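What follows is a single structure, and I will ask about it in a moment.
Naming follows writing order (A, B, C and D), and every chain is counted from residue 1.
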Amino acid sequence: MHIGLIGLGKMGFNMRERLRRAGIEVTGYDRNPEVSDAASVDELVAALPAPRIVWVMVPSGAVTDAVVADLAEKLDEGDLVIDGGNSRFTEDQRHAEQLAQKGIRFVDCGVSGGVWGLENGYGLMAGGDAADVERALPVFDALRPEGERADSFVHVGGTGAGHYAKMVHNGIEYGLMQSYAEGYQLLAAKDIITDLPGTFRAWQKGTVVRSWLLDLLVKALEEDPGLDNIDDYVEDSGEGRWTVEEAIANAVPAPAITAALFARFESREDSSPAMKMVSALRHQFGGHATRPAK
Amino acid sequence: MHIGLIGLGKMGFNMRERLRRAGIEVTGYDRNPEVSDAASVDELVAALPAPRIVWVMVPSGAVTDAVVADLAEKLDEGDLVIDGGNSRFTEDQRHAEQLAQKGIRFVDCGVSGGVWGLENGYGLMAGGDAADVERALPVFDALRPEGERADSFVHVGGTGAGHYAKMVHNGIEYGLMQSYAEGYQLLAAKDIITDLPGTFRAWQKGTVVRSWLLDLLVKALEEDPGLDNIDDYVEDSGEGRWTVEEAIANAVPAPAITAALFARFESREDSSPAMKMVSALRHQFGGHATRPAK
Amino acid sequence: MHIGLIGLGKMGFNMRERLRRAGIEVTGYDRNPEVSDAASVDELVAALPAPRIVWVMVPSGAVTDAVVADLAEKLDEGDLVIDGGNSRFTEDQRHAEQLAQKGIRFVDCGVSGGVWGLENGYGLMAGGDAADVERALPVFDALRPEGERADSFVHVGGTGAGHYAKMVHNGIEYGLMQSYAEGYQLLAAKDIITDLPGTFRAWQKGTVVRSWLLDLLVKALEEDPGLDNIDDYVEDSGEGRWTVEEAIANAVPAPAITAALFARFESREDSSPAMKMVSALRHQFGGHATRPAK
Amino acid sequence: MHIGLIGLGKMGFNMRERLRRAGIEVTGYDRNPEVSDAASVDELVAALPAPRIVWVMVPSGAVTDAVVADLAEKLDEGDLVIDGGNSRFTEDQRHAEQLAQKGIRFVDCGVSGGVWGLENGYGLMAGGDAADVERALPVFDALRPEGERADSFVHVGGTGAGHYAKMVHNGIEYGLMQSYAEGYQLLAAKDIITDLPGTFRAWQKGTVVRSWLLDLLVKALEEDPGLDNIDDYVEDSGEGRWTVEEAIANAVPAPAITAALFARFESREDSSPAMKMVSALRHQFGGHATRPAK
């Protein structure tokens, strides 16, 4: 099998390598010529046997929109585009329709595994028509970890379902990380705990909270036991917000995931207008001293 | 009527004044001789007609414990001690029993109104035996706003009930302030809002959210429209914590009040260990850049 | 002044009455002929002196869309449409542009006060051009409570700003109600509280938590001291969701308001899938008994 | 090595078996004679070689108190008591002092692993003096999974530190379960997801959210794909509450863990007084219909 892969950043670069190791021929394209196989998307398209499979692995939003629009022009009927990026599920239907006008097929695929995917394989969640998903199975099989397919790959449902599942996956991920982080802070605050990194390490086998994230947490503490070199500023990349928006749209209470999202917002504030107001109110009614702004 | 008042700080000082304006004779004692009427608690006790009423208005915890212990020695059978401070309701039973050993009566009384109480009167919540509460009614009537007694005074229940009600009152207060503060931050973040102070001002009459706290918020914005001179560091003084602890003890979900409490904790952190950990985890699995600690 | 008013439901009906009491002539239209003054929107338009003012007070979303589209056809250049309903602020720009194509002016106006507005007056938040807001001032003055205009009316900003402010107002309202409700449940759970309605009543004057909502809470407990006749099922009508969505869009932490929204979602669940899963997990790892589904 | 084990319930029964498989001789005692080796604690004490090691694995609180008090009478100087139950860390110091009066040593040990511990081994967190912990290492090594000791055992700190770490472990567990459960509910609510159990199954390998709890979740869905036989009623057993109480005591924000705890409280309510109040308030100000109580 020979496929195209557009986007060779942190994720795409490793995926190309994993695909090749599994015997899939890959022509990659990236704006960065140092990592790119093809000089242009045209060249990439020309290099592929028809009907083509092109995996798109670029930032969601405007960049994915542009790449899909470009492929809608350059590909032919019967070709298949797989969006493996973190697109919002609401965009998949639009992309599918755009491509369908020329008879080009579309599958959305959530990909999880981060920088470890090259070594471990990626967890995959696909949305789209069964025939299209079937056709790309060799690609999915090459990317996912070895073992039973169903433990690392799922055809979740129709168009958008793959990205929906990935969105929820990331929402859960927010909640898991927040939970460990709250426990970390609590242990760190208590002086009777004299071996904090050792405590997390000892949870890796046997306990109820063992997980891959816990293994990474242990690794992080091995590298920097007090996290002294890391700022408490945490970005969010969209999926957490979309998960809460979907919770709202579907009237599903999601307090833990939302708490994780809000904690990130707070982490990025130099100063909280809300807390200034609470301080101002306490001063107004109780004469409590306010601190002058720094 | 002639009563004793121990503790002439921000609250007690104003209460003495309000009591005197209402015709109650007050002998006040404070460690600060500049505001004290009596040179000592002994002198205060000697000055009062028996059976005595002594109102205690000192910081909760150790100071209140010490004053109650002192009064347990110096007062006589039939005298009445009223704890109007912010004692935890769990301490009232202990104080009542300590005093009861000499036949001294005890009433706990939650007092709300802050620095505005002198002018507006205080909201009062009393706990204890009906006869003891009845006996102190002239004091309560002098302290509370004019108008129907039931609109500003309540005999909530037995010993501890007054402070319990005050604790919940303050827990609610945390939630109310947090709610306004979140709305404030949201309006402040939106550039289509060109008259932020005016918006809050216009809510004072007619709207569903009108309240005394809103009036104070308007006042705060009049004094400092951008809250530029106020730091976002917010103390908490116990009742919020106790409210959440009681919510836990009684299996009552209290997410809004708890959110308000946690927001204060966050406001006081120079750096969040939990958010450092989330940042570290994102780096571990996704290769997301961490910011070096400042 | 003579204006048109479309929508004579719970809010519009009372507003027509309040406007008339203030000397504003009102031609009202409603699909319900029993309350309508005009037989049709055409008749309403015909009855008004040009340049016309038409206040729209119908359900947000499709109904408001339809009414605005209808008015865009039937009104003339220079006429003014005021949307006083609970439209999402994002729709205002669209409505304004739709009307502007014929030179019809548009103002969005958040209206708060509920069924008490007839008697107390309404709090008003207007968005739009200054000249248009100015022109409608007699209408705003008639609707708002007596006293200083700035205490109950504000020109918040450009198109959409009025509804934005109203949205945040309602978000705050969610948080305030949730805070009182949590305190209510906590007091109700504690047996040392022997006068629960009396406690809330006594908070009405003098305390920090006094508010109009508290007055209504006292009224509710007077009518039904144990709330025995009221189910714990709470609707939400949009603004709370929009507020949290805006919090997310602007990276503003809003945990108390969000807690209030999620509590409503929970109140409407017959059974919680999430809690079934937690129960299933506890059973899996700990052998904890699950309850069979009812 | 030959030790005593008091308490042969769900946990203790399996632990005895695992210890024996590892070659540790165990004399077990339980009130249930069918599982007990010794007829009484006296008999158990008599059976053990001095200096003795007695592992206590009974319900925390009164039962543990009683067993420790009994052992304080029956054991001798130099004997060692290990409390492996879920005692609150605050009780450890008391137990240690009680036993120390006769020169009996004490170690607290958090044990995680649930019903799977027999097969997988248990994660262990010990608190106490180094010499005492050292002495019990063969027991810990028998109970924990094979592999490096530090991956499943830690000497956390002094007396109480083991139970403190276990408490935080369980608090984290609450947050993890809640996070998965929220994601589950969200996926279950969305009709584009046509293979819900398959989605979770596919997360088991390769994804960022893979964990032992996820494996159990997959198992639960295999047994009952819609969780149709499980009620949404979730108990809590103490550690979650203590974790939040410690968060409050140490001013550590713990919104996700607290959300998980409150969700359990809500799951057990037949009817929510707080939501009745919100419904009542909406009715009061907006004339919104309330549902009559069921």
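Note that in this section contacts are C-beta pairs under 8 Å (C-beta built on N, C-alpha and C of every residue); 3 or more make two chains touch, one makes a residue touch a chain.
The model shown is predicted, which means the values in this text are computed figures rather than measured ones.
S.K.: Counting one step per pair of touching chains, how few steps separate subunit B from subunit D?
M.R.: Between subunit B and subunit D, the shortest chain-hopping route counts 1.
S.K.: So which chains are sitting against subunit A and subunit B at once?
M.R.: Touches both subunit A and subunit B: C, D.
S.K.: Name the chain whose C-alpha centroid is farthest from the C-alpha centroid of subunit B.
M.R.: A
S.K.: Counting C-beta pairs in contact, which comes out ahead: A-C or A-D?
M.R.: By the number of C-beta pairs in contact, the winner is A-D.
S.K.: I need the pair from A-B, A-C or C-D whose contacts repeat those of B-D. Over half of the residue-number contact pairs should coincide.
M.R.: When the residue numbers line up for over half the pairs, the pair is A-C.
S.K.: Please tell me the distance, in whole Å, between the geometric centres of subunit C and subunit D computed from their C-alpha atoms.
M.R.: Taking the mean C-alpha position of each chain, the two centres sit 47 Å apart.
S.K.: So how far apart, in whole Å, are subunit A and subunit D when each is placed at the average of its C-alpha atoms?
M.R.: 32
S.K.: I'd like to verify one number: the distance from the centre of subunit A to the centre of subunit C, where each centre is the average of its C-alpha atoms, in whole angstrom.
M.R.: It comes to 38 Å between the two C-alpha centres.
S.K.: Give the residues of subunit B touching no fewer than two other chains, as numbers and ranges.
M.R.: Only 114, 178, 180, 182, 185, 189, 208, 212-213, 252-255, 259-260, 262-263, 266, 272, 274, 285 qualify.
S.K.: Looking only at which chains touch which, which shape fits best: line, ring, star, complete or other?
M.R.: complete
S.K.: In their complex, what parts of subunit A are in touch with subunit D?
M.R.: The contact residues of subunit A facing subunit D are 89, 112-114, 117, 120-125, 127, 144-145, 147, 150-158, 160-161, 164-165, 168-176, 178-180, 182-183, 185-187, 189-190, 192-195, 198-199, 201-214, 243, 246-247, 250, 252-257, 259-260, 262-263.
S.K.: Hey, which residues of subunit D end up touching subunit B in the complex?
M.R.: Counting only subunit D, the residues touching subunit B are 208, 241, 244-245, 248-249, 251-255, 258-259, 261-263, 265-266, 268, 272, 274, 285.
S.K.: Which of the residues in subunit A come into contact with subunit B in the complex?
M.R.: 10, 114-116, 177-178, 180-182, 184-185, 188-189, 212-213, 216-217, 219-220, 224, 227-235, 255, 260, 263-264, 266-267, 271-288, 290-294
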